[in-house]
Each structure stands twice: as C-alpha cells, then as structure tokens.
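Next up: the structures, one after another.
Okay, so chain A shows up in both of these, paired with chain B first and chain C after.
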Partner chain A sequence: MAKEYLGEFEELVLTLVAALQEDAYGAAISEEIETKFKREVNLSAVHVTLYRLEDKGYIKSKMGGGTNERGGRRKRIFTITSAGMAMLRAMKETRLELWNMVPQLKMSGL
Partner chain B sequence: MGRNKWLRLLEFICPEHLYEEIEGDLIQKFNRDVDKWGEKKARRRLAWHTVSFFRPGIILRNKFSLHIPSFHMLKHFFKIFFRTSLKNSGYSFINVSGLAVGLACSIFIILWVMDEVSYDDFHQNKDQVYKIMAHHTFPDGTQTYDNTPGPLAPALKGLPEVAESGRIIFRNQVLLQNENKSIYHKAVYADSSIFKIFTIPLLSGTTNQSSQDNNSIVISRKVAALYFKDENPIGKVFRVDNTFDAKVAAVFEDLPENSTLEFDFIIPYRIYAKTDQYNNEWGAWSGGVTYVKLHEKAKVEALNKKIHEAFTKPNIWVRWDPNVELFLHPMSDWRLHNNFTNGEQHGGRITYVTTFSIVAIFILLIACINFMNLATARSVSRAREIGVRKVVGAGHNSLVKQFMMESVLTAFISLFFALLAVHLLMPFFNELTGKQTRIDYTNPLVYVGLLGITVLAGLMAGSYPAVLLSSFKPVNVLKGTIAGLSGAGLRKGLVVFQFSLSVVLIICAIGVYQQIDYMRTKNLGFNKDDVFYFRSNADLRKNFDAFRNQVLQNPAIKVVGQSNDNPTDLLTSIVLADNAWPGKTKEDNIAFKSLQCDYDMLPALGFTFVDGRNFSREFVADSNNYIINEEAARSMRLENPIGEELVAPRKGKIIGLIKDFHSTDLKGRIAPVIIALRPEATNQIFIRYEAGRLEEAMEYVKDVYKKLEPNFPLEYAFMDQTFDRQYQDEILMSKLSTCFTVIAIFISFLGLFGLASFTTEKRAKEIGVRKVMGASVTELLSLVCNDFVKLIVLSLILGLPVAWWAVQKFLQEYEYHTEPGVSVFLITAFLLLFITIVTVSCQSSRAALANPVKTLRTE
Partner chain C sequence: MAVGKKNIGPPKWPLQFLRRICPEHLYEEIEGDLIQKFNRDVKNLGQRRAKKKLLWNTIRFLRPGIVLRNKFSFELIQLHMIWSYFKLAARGLVRYKMFSTINVLGLSVSMVACILILQYVRFEFSYDDFHRNAENIYRVATKVTLQNEVIVHETNTYDGISKALNTDYPEIKAATTVRGFNSDRTFIHYQDKNNKLVPLENFKAFDVDSIFFKVFSFPLLQGNSEVVLQDPYTALISETFSNNYFSGDAIGKSFQVYNGEETQHYKITGVLKDVPSNSHIKFDILTRSDPRTKNFWNNDVGFWDWGGQTYVLLADITLRGELENKLAQLALSKNGLKNNKDDYGQISTFELRPLGNIHLYSHLQEELETNGSSSLVYALIMLAIIILIMAWVNYINLSTAMSEEKIKSIGVRKVVGATRFSLVLQVLTESLLFNVLSVSLAVVSVHMLLPSFASFSGVPLTYGVLYDNTMLIGLLVFVLVSALMSGLYPAFVIASYYPVRALKGNLNTSRFALRKILVVFQFAAAISLIITTLVAYQQLSFMRDKELGININQVMIIKAMNFDKETWSDSEGGFTIDSTYSNKANLFKEGIRAQAGFLNATSLSHIPGQLPNWGTEFRAESIDPQKAYRLIAMGVDYDFLSTLQVKILAGRNFSHDFLSDRGNEGKRAVLINEAATKLLGFKTPQEAIHKHISTYWGADYEIIGVVNSFHQLSVKENVQPIYFILQPRALDYFAIHYQGRNATDAIEQARITWNNYFPDTPFNYFFLDEYFDQQYQYDRKFRDIVSLFSGLTIFIGCLGLFGLTSYSILKRTKEIGIRKVMGATASNIIALFTNDFMKLILIANAVALPLAYLGLKRWLESYAYKITLYWWLFVIPVILVLVIGVMTISLQILKVALKNPVNSLRSE
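Then we have the complex of A and B:
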C-alpha cells in the first residue's frame, strides 16, 4: 500500500468521500467540487474515479435510498475504508494544507 | 422526463449493477441544471454528460463472463432454449439450416481468399523481392511485359540498393531422360543467384557456381523421387531435351502449391545464354525475367528513377526505342495485382477476391435476416414468457442477453453443421478450384476466425429480435393486447433487401455465364474444333515431309500443318524497322503479332482468305513473302495490300489477306498479325482430323510419330481445350457464382417459407371465416400470395438497376462481349415470382383447403 499513489483528482474525490460521509455519492461529490472549487467536472469522471478507488480498496459502497429528484433511482453511497483513511493520513504528512481543508468542508456540509 | 435515447444506449453498454445510480445521478443533475440554466440547456448538458459515460472506465467494467455462471441460471437458460427450439422444430430447422449453409459458404470463400492472399508468403524476404517489368508504349496503347534484356540483371547488381539479381527463362515442356524414363517437366534456365533471392531450400548438394563448370542441373524432390526413388540423386546424369547431358548438382524442396513460380528443375542460365545470340544486347528482350532482392531500406521509387537514368535511357533507348519504361513490381502483387491495362495496374485476380468476399457477406446477411424475421414474427409466441420474466424481476438487460445468447447458440449449432458440410464438400470444392485447400486445425487463427464469424453472425441475427422482444411491456403482454405482428414494416424491408441481393446475384451469375458461353462459341476467325497439336523436335522436323506423307495416308487425317505458336494465343510480337512497308512513318511503331508456319498451317485451321492466296510450294519466292490479316492491313493503311512490299524482317511481298481472327482471349482487341513462311522455325504440329474419327487418327499419328521420333514422348493437346483453358478463371468464377447464387436463393426462400407458414398460421381464422362466407380456394391463395408477391416485385425493382450496373462493369473488361438482353431480367423475374408463389401456396393451400370448422372451432 505504501507504494500506491493517488492522483490529484483521486485524492480530491477520496477526501470528499470522507468528508461527505453518509451523503457521498456521484452527483453530490461532483456538485461539491463544482461549488467549492469552482471547477467544472464531468459526472462520468467522478464515477470512474469512485469505481477505481473502490477497486483499490480505499472506499466501499452500498446502495442507498432514492429521491423524487432522482426519478426514484437509488444512490450508491460510498464510505471510506480504514485503508483509505490510512492513505489520507499518510498524505496529511506531505499535504498538510489539503488536510486542513477537510474540517472546513465538513463544517460547510453541516 | 422521458427516457432519452442516450440514456437507453447507456443502459445497453453500462454494467447492470452500476446503471441505476448513474441514471439517478444524471437525472438529479438534470433537474438541478433545469433550475440553474433552464430546460433547453439542461437537456443539452444531459446528453453531453450521458455520452461522456461511454468511456472505457465504465464499459470495461462489464463482466461478461462473470455474470452468467450462476449455474442454475445457465441450466435454466439451456432448458428454455432447447424446449422452445424443439417445440418449434420447423422454425429451428429453418434457422439452423439457413445459418449453416450461410456459414459453410462463408468458410469456403474465406478459405479460398486466404489461399489466394497467402501466395508467395513462404519466401522469407517477400517484401524485398521485385520483378522488373516494362511498359512498352505503342500508338494504340501501352503493353506491359516481364521480358527484359540479358545484360540488365548483372548491371542491376552494381547498384547500391540491390542485394541480389538474377534471370529466369521459363520453359513449359523440357524432356528429362534417365535410363528408360523420359518425361516432360516444367523447367527454368536460371542464374544460381535465384537461390539467394527466393526461399528455395536445398535438401542435398550445392549450387555453388564453381561446381557448375560442367553442365549441372538442380532438381526438385518430386523429380528425384520419380527417377531414383530412394537412391542418392546427386551426380546422376540426365539427358536434357535430347540435346545435352547434365549432372544433378543438388535437390531442392518442391515449391509449395501457393507459389507463383512453378518449375521442377533448374538448368544454368549460361546454357540458355549460349543459344541466344542477342543475350548481351541491351536492345533485345530475350534475356528472360529479371528478379532483384533489395537491401532492407531501399526506396523503390528512387530506384525506379535510378534504373531509368542508369540503364533505360543510355542503354535501352538508343538501341531499341524510347518507348520503354522499366519498373519494379513487388512480389506481394505477383498473384493478385498482375494485370496491367495501358500502363496502369488494373483488375487481375484481386477482383475475384473482393467479389467473392462481398458475396460471402451477402450470403451470411441473407441467412441472418431469416433468423431476424422468424424471431420477430414469432415474438408473440414468446410474449407470455417475456411478460412473466419481467414481472418476476428480469431486467431489460438480462432479457437482451438471453435472446442474444440464444441466437449465438443457434449460430454455434449451425457452425457444427457448417463444418460438417465443409468437410463433406471439400473434395468437390478442391476439384472445382484446383487447389488443395483444407482447414488447418493446428492453426489458432482458424479458431479465432471460426469463433469470430459465428459470434458475429449470432449477434447480427440476434440483436434486433433481442431489443424488440425485451422491450415488451409486461402489462400489455400478459393481458394479451400486444400487437402480434410488431416489427412487420422492418420485416418487410428486410425481405425486400434479402431478395434484392438475390436478384443481383442471379443476374450477375447469368451475365457471367452468358459471357463465357459467348466466348467459347464465338467464331474466332478460324476453326479450333477437331484439331490436336503437339511439340515437334529436331528429328521430327528433319523428317517432317516423310512424317506428313505417312500421316496423310490415313483417311481420318485431313491436314497436317506446322507453326511456332498456337493461333488462339499468339505470344510473339514484332516491331518493324523504318520503311518496312510503303508509307510507314516514324510513328507507326506498331506491335504486330507474328506467326511462322508452313504451307499447310492456314488451311489446317480453316483461316479464310479475303484476297490473295496461301503460301504455295510452286513459288520459291514465297519463303520471303507474307500473309497479313485485315487489322494489319488497316494499321499499315494499305487499301490493296496484295503485292505490296513488306520487310519483316526479310524483304518480301504481301501475297495474301486473311479475315481478322482472335489471336488472344476476348479481353483484348483483335491484333494485327503478320504470317511468314518459315517451316524450319516451327516447333508445333497441328493435325486436323475427320470429325468423329479421333481415336483412329490419334492411334495412327502415334505409330508414325514413334517411328520417326523415338526420343521424345508424344504429348498432345486439343485446340478447343487449350482455348477453354484461357478462360479457366472465368469458368471457375462462373461455376462458383452459380453455386453461391443457388445457395443464396435457397436461403432466401427458406426464410420466405418460414414467414409464409407463420402468416398462414396467424391468418388461419381469417381464412376460415372467408371460406365460410364463400371465398374460393384460389381467392384465398391469391390473398396470401399477394403480400409476398408485392415484396418480390419491389425487390426486383430495386435489384435490377444494381444488377445491370454490376453486369455492365464485368462486361466492360472484355473488348468483345454479349449485351445482356431483356430476357435475362425477364427470366430472373419469372423465376423468382414462380418460386415465391409455389413456396407460399404450398404453405397456405393447407389452410385454404382445410375444413373451416377445424380452424374456427378452437378458441
């Protein structure tokens, strides 16, 4: 695991999964990125990244509930695993600044 | 918001377990976009977002194989498949037999195409080997030959790009004698460097030049086995053509079937060079074919220019004529792209390869359409199954997969029967094509190919039915309100498409057949029937008068003539010097075909004199005189050629004018021909026998021949057969296209038969009611037939123009060709309509004749 690296976008998404907790699913994450970072992202890019992170074992997923806004389709809720947490923590050492952003995001999410 | 078409496509390609949330996210995003940007822009963004999901990161997450292997589902799937297949065994038979025949055809065609494409592949440096060819420009067009001057090959070796160069002279019949065996073989005179250019492995011995100081030859393994069985052939002595003795220096492995070069043994080029007085002359074209092997990085275009500057211009032009351009012809083109028209590569065998590949696709398509039509037409019978499955919870995707797999499975069952058929029919196919084709099961590519084509056919056939069937709404289906004949419009379209293809194939097959018939029966300007001919050698030529007198004593033999060439295919061309005939200008460097013969040759073959007379023994001067054909007179612009002077190359007079005749196949125009009296330069004897008395004549000629020419065996050929052999490609093409057309029609009608029986089944009640109301059997039959006849008529209307275009394109290749008459189209139309009515009637007549009580009673 120590030899694994995360790309910039992967790291961003992983952090957001950790931050959004029970509300971490594709559309929410992409929206979060768009509003917080004023950065246009493609929905499909977020999804592909989420699946890749899941393959690597940093996050896991389960199906959540559907809402009217989604035409009744269920969400796939992602949660960070301990491996993912460890990865993020390891990154904290090198990316202190980014780590500091998480609680802020958490607050704005609340 | 309705489901948009991109979403539907996404559902198709997206892994099932991911689809729901992706769709949900997309919808959520869309709804938020509507608030933010308005409906219109939101829709555009939705489309864009959806399309951007078509990326490998999503598509590759489909776990095709991992999805099925739930053992129970698989078992269930097979059970259902076999149950429905057995329950409707008639339709299953039509599906499987149609696909099997289609696949078998495609396999045959692919085998044939692969064989054609693999020609010369056994040479290791295939892409570095070239043949030198020359465009000769004449006033009436450019001819392309592969003859080259003798000094070219050694000179080319001096260029830095050229690694090796060598010359080959091809001889069809060379006699090899050893002890009491004497047999004709294909031979070549060749430089020993050809072993470095081509990949011809030596089995024993050596081809070292120094060991060839005496006459030594290299023989093939086949020849070695023929003469010496298990003995060591090295050092054995052959008498070659009864003129010189040669020792065997080496044995080479037989050339493979798919080689454009063909020969059984090799004589050193030096032996030929000694007999050719112009062999060191740049202006002569008697040096044979020149081959080169280039260095790996040599640029062909640059080399062509270099050859032009270094040899063509300074050496050939000054001694010959500045109308020649040499060029390199790559080995990969020798088999398929070896035809030149007016200096441009044009047609050749590649046309056959592409044509038949297209035909293979057509036939497979026709078979797949059968499958589609029957599957969609009969969808009603499976509607309940689909409804129940959906209610129980089967998704759209899993239904699509189920039907796709059913069609792929059908395709594999068909593949089994197709392979069976291919194996049973392989001997006939090989006899037809003259090849030694077989399926090489040790080659992994074969499996890839077979699997590929089968899966492709299965998917092609199954895609539409799968999508259509799985889109049924369970509520409607289970209530029984589904429109039974959904997809009828498309089905009709497919039938029309299918039969349009059949129309094209039928008309093309008839067109090809008519053209070949035309070529074989066309009056050539002389009579090729009842003539056989054979090679004459030195002894026989010396005693020819004795031979002739003796042979003519038999009443079954009418005329005996000699010539240097076969008039059905004149090979020698000559270009005459200035002032060769009165009024010749510098521009008149026309290539005349030349024929050298004796007094009796022209009467033997029944040439017709327009003016003047034949060569006669009474005029001594005739040995310098000439006979020409009308085309020659026209190209010399002589109104009254008789008595005019002609230098070709002896100085003499034109004494006879014969009617034009075809001296090559009918692809080419009638050529101008100059005939000279040179009995001493002939090498073939033509014998015209009394029609119907061939055996008697042949026996007698054989006896006389043996007495006068004990050293050479008599190998005779018939002129009409030799003539037909010129068209063997066309004849093969005609036979194959007839076969494939019959098969295409068979498959099309199989499908029509299935549809007709289905329609009749559906309309049984209607027919019953009509019958009760007083409709006659004929009325009922025409009612059902009407629908189908309409489709066939539409196919004819669509197919005829395409067919007409294709036939015209084919016929354009022939200078002399038939004009396809209206009759061809009428025959096709009649044939198709007739079979349609018979097919449909034989299905519907059962319903029409049945007692209406039976059909109406059940509900």
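Then we have the complex of A and C:
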C-alpha cells in the first residue's frame, strides 16, 4: 500500500467518484470539476484517468441508463471500491499529519 | 448503434472518427458523454462553437490511454481475416475453373511478354554504363559542312582535337583517341608453341594512347590499368584470346602487326576481361603505338588530319556547355587553317554526345558498331503496356461479371457485418492470388524461353532480369501494382452492392457500361496492331522486291587485303603504285573468269549496302558555278558494270583502249549515275557525255558515260548521286557473279582459286544479297515483334470475349430454352448473343481505323519509297477480327443452341 501513489488529478477524480455516488460518470465529473474548481479540463483526460483508476482497482464500473440529452447512449457509472476508499483515507491522513507538522504559530507570529 | 439518431444532433463524422480509434467496449459511453457535452455547449455557446468544441474533444481522445486499449484484439482479427480471405480466394479459384484459367492464362502470357521486353529494354539502356565515370564521358563527333550543307557527320575526329583537349582545357580530366583496325586489312602473327608464326583470325582491335584507362574502365584480369599502356608498343588482349592463342599465359609474350606497309612488334602487358556485350566499343586487342608523324599526303601530321574516335572525361557534368562553347571557338579559329586541297571551303564543327546514349541515339557515319533503335525500344515499351492493360481488362471484366454470380454470398457477408473495407480487402486478396500465380507461371516460362529469346534479341543470357536481386524486388512491386490495377475496380463495385438488393439478386446492370468500354479498347488495340502488322509486312516485301537497278543475287563477295604500296607524289600528280599486289589481283580475277559457272569478277571499293565514305564536291557550270554539289565516289575496275549488271544509259564504259581513262588526281575520266546528271543540271544522260566537270578544288574530270541510278543503300533511302573512277589497283572487295550451280560449289571453287593466288591471305567471303538484306534487320525485327504482339492481343482479347460469353450463356440458359420452345432457330440464338459483341467490335473499328491510318502514315514517311495505304489493308484486319470474334462467341453458343430445350429448362 505504501508504494501506491496517486497523482493530484487522479486523487481529484477519485474523490469526485466517491462524492457523486450514483451520478459518477465521465461527463458529470468533468462538469463538476469545471464548475466547482473553475478548472478547464478535457473530457478525454477525465476518461483516461477513470480507466486508469479502474485498472488499479480503486473504482469499478457498470453500465447505467441513457438519456435523451446523450442521444440515447448509456452512461458508465463508476463507484469507489473499498481499496479506493482506503487509499483516499490514507492519503487524507498522511496529509493531515504533514499539516500538523507545520508550525502554525510561527505563521501568525510574524 | 442506430438508436436515437433523430436528434438534430452533433455532426457525424467526428464520431465516426472516434469509432475508428476507440475500443468497442468504451465507445458507447464516450460517445454519450461527447453528445451530452455537445448539447450543453449548444445551450451555452451556440451551435457553431459547440461543433468546434465537439471536434476538438473528439480528437483529444486520440491518445495512448484510449487507443492502446484496443491494440491486441485488433491484430488478432486482421490476421485471422486475411487467412480467411485467402481461403475464400483459393476456393473461388478452384470452383470457377474457366474463369480462373482465362485470367491466369491472360495475365501470365502478358507478364511473360512484359518481362522479356523489360529485359531487352534494360539491356539497350544499359549500354556503356559499366565505366566508373560513365556519366561524365562524352564522345566528340565531327560535322563538316560545305555551303551550309552537311557533307560529313561522323564519329571520327581530327588529330589536333585530342591534342588540344589534353593540353588546353582545364575542364577535361582526360581525352583519349582510339583507332580501330581489324583482320580485314591487317595481319597479326604470333609465335605458337613450336615457335612458328601463326596468323590470328577474325580479330577486332584498337590502337589507343596511354590515357585510355584514365577515361574508360574496362576490367583487367592481369596487369595494372595504371601502367599497362605506358610504354609504346605494348598491348592488351582479351581473356578468350589469351586462352585460345597463348594457353592463358600471355603476359610478356609478343605478336607482330603488319598493315601492308610495315611490321611492328607489340609486347603483351595485360589481359582484359572479355568486353561486355553492352559496350559500344568491342575489341579483342588493344595496342599502343607511337603517335603517327606522316599523313596520307606524306606531309607532317597537322591539326586537320583525321584521327580516330575521341572520348573525353569531364571533371564535372556541369562543364559540358562550357566545353561545347570552347570547341565551337576552336573550330572557328582553326577552320581557316585547313590546307589539304580536299578540304577546300569546308567548315568543321564538333559535337559532344554522352557515352550512355551513343548506342540508341547517335546514328552517325562510321559508328564503331551498328546502333540500336530507340524507336524500336519505345514501341516495345508501349506494346508491353498495352498488352498488360489488356490482361487487366480481362480480369476486371470477368471478375465484375462473376461478382453477379457471387452476389448472394456478398449480401450475406454484408448482413452479417462485413464492412466495405473488408470486402474490398477480400477482392484485392483474390486478385493478389491470381497475380502471384500468374507471375510464378510467367517466371517459369521466361526461364524456359530465355535461351531462344537470347538468340532472337541478342541480349546475352547472363543479363537475365530474373537473376538480379534488385529486379526481383521490382518484380514484387510489379505484382502488387498489377494486383491493384486488376482488383481495385472490381473491389469497389462489389463493396458497393446494397445488402438487401444483393440478397434479392437484383442488380442495376447499367453500371457495366465500363465493361463495354474496356472491350472496345481491347479490340481497338488488336485491330490497330493487326493493321500495323499487315502494313509492315507489305512495306518490307515491297522494299525487298523493288528493282534495285543492280544485281545482288548469286553474287559472292570476297574481302581483299588492299596491300598495294602507294606513295603520294605531288610531282607525279597522284599516287605512285607498286603494283605487284594488283597484278596478282588481276590474275585472280582472270582465273575466276576462266572457270565454267563463274560469269564474271570485278573489284570495287564499296559494295551495295555500304555508304561510301568518299566523296568530292563539284561545280555545275550550267546552274551556278559558285555552288558545290557533292557526289559520292566509288572506285571500280573495267568489269564492274558487266559483273553487277548496271546499265549504261549513254556514252561508254571504261575501256582498256583508252589509256586516258586511268588518269590521275588532276585529270580523270569518270562515269556518273543518272541521279548525278540531274544534280549537275544535265537534262538528259546524252547531254552529259564528254562534258567536263571540275571539282571544287580544281581537278578536271570528263564524263564518259552515264549509268542507271541503282540503289547503293537500302530502299529506305533515296538514290544517291555517285561518280565512278577507274582504279586498276587492288580494291577492298572482289565481287564474283556465279551461276548454274549451288552456292557451296561456287565457294569451294573460289577458295581453291583464291589460295592459288593469295596463299597467305584468309579467304573471307559472304553473299551480297544477304549482306544487303542486313539493312532491313530492324525493320524485320519490328515486323516480327508487331505480328507476335498482334497475335497476343487478339488471343487475350478473345480469351476475354470467351469468358464473357460463356458467363452470359450460363445466366441465360433458361432464356435460350424458352426461346427455342417458342420456335427460335439456332441461328436466331447465335444472332441474339453476337449482336451485342458485334456492336462493340464495330465501335472498336471506328476508334482504331483513323488512329491506325494516321499513325502508319507518319511511320511510312520515314521511308523514301513506300507503299500506298490501300483500303484493303484496313478492311482485311476488320473482317479478320469480326470472324475471329464471331467464331469465339458462336462456338460456345452453338453447343447450347443445339441442345434440347427440355434439358436446360428442367435444370434447377
């Protein structure tokens, strides 16, 4: 586990898959990134990241329903696996640890 | 895949592109996401920007993270499919036997023709390319004009030229001059094992300078090309000569050369590999002597003395123009210095010709070897292309026709999901299989035909296209191109069938108009070639049958060694001759005449079929005294006219009774031919008799007789104006007219007589009619090749016709049965089928006839005497093709038409 490493964008996508739950598919995720983070992202980048995360076993997918807006094409709904959940948690904890090491007072003391 | 396309949705083609690159299992959701994004973009940004964004978003999917996900499955499918295409093609090959046979036969026959032609063409173009600096070597040729008329245009050039080139021109690396000599006029003796002097028979040799190997790179077996010819009186001989005469151990040995005047000894310093057959300079021996110091007139050699063939090696190809300018200036500055009286008023200029195109394009006087014919080469290339296209046409016609047969299977394949691309690939695989099969068959046939082809074309066996690696790659490319050419059209026709209509068996047949056009093309080609063959035959036999005005039949020619010692003396006004040799020649002629069966014998300087390289310019007082008229000169003896049956039109022949007939250089009696009388402005032959004509440089000749204008050269050329002078000394040839017995007896008889008088000189003979006929060798070759090819085109055309007919019969068997039941006769049914093809052949005629007429008219213009293009020359081929076509068709139909209709109707 310790060797596994997620890139910043991978982590972002993984977190969104966990957050969006039943609504986690390519177009929705990229829209979420664009609206929430005001960050330009290409659809293909999101898709490639999703497939990579799936290869690594952090998320799994199944085909969902289609809508008119999508010309009848079905969505691929991604859900986070427990391995993915553990990864997210581990990352969050290491980050917190690191954060705690930062001397907060010194900052305000200036 | 076809769900929900009702939306006024996104442009289709970006999504089609996506389909190409995206793995199947990911495609749907990605497409969905793209469409969803597009629809939102339309709301937010408008249609135009949304479309642009969609395009961009789609293209961005072309990235390894997507594309690589379908890599492995992709390859597996392709290999599997290609194997199945091959299986299908092979099954088709076996199943439709007639279709396959016709295609393979047509393709392989045309490929054999193409490979053989390629071999010949490549050989002709390869001339002299084996020299290391081949592309920088040029030959200097000479053009001599008098009053703006070209009187000499030949490969020889002057002594001064190569000297000047070697010293004064920095753009030239080296310039070498070669002078040919051979066993006709020179003796070479060598010492055999018993130290006896033995003559070399039939050799060709060149006297060269020490620079020879700086220009040329003929390969040496023994000796170093840098040093072998450095010393005067050294020599090189060919491998064959070294083996035949010196048992392979020639270095250090010597031989002696006797040219009638003096004997020189040469030491052998090297052995040459036999000269390649694609060299325009061919020899067995190279000698190097001292430069000559005295000329023909016994004066010191000057700039304007004839030397030999001169070749220069340029430092750089771009310097050619510069050198040409300098040669023009040289000619300008030196022309005034001509001091031989023969050259009076003549202007010489020099031309450069690249070594590589001497063989096909030069055609000057005094070529070292008969040049090839570039027009024959181009005609052959065209014929090869035509015949190949004919075979492709057959393939295209038959496979589109057969595709109607296979239409159900194509329909099923389409319904099951074959894409257009895979159908195209399948048809192309099939044509590749046919082509590979045909080319293999062709290669085997070429391999077997090669020996007879080599003797027919003169291309040596070792020069085979098949035994050359680069050519094998060429062959491979050729097969691929051929497969594409023959398969591409059928592939698209087949791939474009609509599945449902294909399954129902309905076809829109109007698209097969192309098939008709192709048939028209085939027959137009066949008809034009047959007409050409016929005209070529007619023209050649017309030329050979034409009255020459001189007898060449039953005439034997013996090469004489012209060994009179002659010395020019200005005080005597001509040559002084030591006449021991010519006395012997006269005795020989007397000896021949004394025998029964020999009618007469004469000696002459040039025989019919040779253009005399002599000539003098005359003034015609009656027309324009300032103008020069060039007459060709021939030296003859008293019996020339009677032996070769040339007629006297006015005046008299040379006679022993008039001592003045012999004359000297300043004053002579001459005979002229009728063409010369016209040129010099005499109205009738009688008018010319006893008139005096003067040469441009002042000699005075009296015309004593006029003879008919016989054809000195082939009938391709106009008759030349000639004057004849009496030369009692020995000349270059003896002509003997024999009669009343077969040729072998005459040869034996002549040989015995010859050996009595000239025991040391080899007896070299040939027959004048055969020699004369050699002038037609390219015409004969052309005729033979065209007739062979017209046979091939008609064969391939009929193969196609045969295939198409048998297919349409197959399809219409029932129809024929019904027609017969209704009362149609066999001839009705034949007419039913032949009508369509007849129409096509008639259209082919309409295309071919004008083209053939114009083309042949132009071709015939190159002949001085030509046949008229009579109407029957065109009608016969048309009838011939119609008959062959109808026979091809009706032979098959007859079988069906005579059958009991019950049988054809019952079959289901």
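The rule we apply is simple: the second predicted complex is superposed on the first by the 95 of 110 C-alpha atoms of A that agree within 3 Å, B and C clash if a C-alpha of one lies under 4 Å from a C-alpha of the other, contacts with A are read in each partner's own complex, and residues count from 1 in each chain.
Operating definition for what follows: a residue touches a chain if its C-beta (ideal position, glycine included) is under 8 Å from a C-beta of that chain, and two chains touch if they have at least 3 such contacts.
Predicted model, so just to flag it, every value in this text is computed and none were measured.
*Asks:* After superposition on the shared chain, which partner residues are touched by A:R52: those of chain B (first), chain C (second), both, or neither?
*Replies:* In the superposition, A:R52 contacts both chain B and chain C.
*Asks:* Contacts for A:G71 in the overlay, against chain B (first) and chain C (second): which applies, first, second, both or neither?
*Replies:* After superposition on chain A, A:G71 lies in contact with both partners, chain B and chain C.
*Asks:* Let me test your reading of the model: by the given contact rule, A:M85 touches which partner, first (chain B), second (chain C), both or neither?
*Replies:* So A:M85 meets neither chain B nor chain C here.
*Asks:* State whether A:N42 touches chain B only (first), chain C only (second), both chains, or neither.
*Replies:* In the superposition, A:N42 touches chain B and chain C alike.
*Asks:* Going by the contact definition given at the top, which residues of chain A touch chain B in one complex and chain C in the other?
*Replies:* 25-27, 30-31, 42-45, 47-48, 51-52, 63, 66-67, 69-71, 73-76
*Asks:* Which of the residues in chain C end up touching chain A in this complex?
*Replies:* Within the complex, chain C touches chain A at residues 3-5, 7, 9-10, 26, 28-37, 39-40, 57, 60-61, 63, 65-66, 69.
*Asks:* Applying the document's contact rule, which stretches of chain A touch chain C when the two form their complex?
*Replies:* 25-27, 30-31, 42-45, 47-48, 51-52, 63, 66-76
*Asks:* So in the complex, which bits of chain B are touching chain A?
*Replies:* 1, 18, 20-29, 31-32, 49, 52-53, 55, 57-58, 61
*Asks:* Give the list of chain A residues in touch with chain B in this complex.
*Replies:* That would be residues 25-27, 30-31, 42-45, 47-48, 51-52, 63, 66-67, 69-71, 73-76 of chain A.
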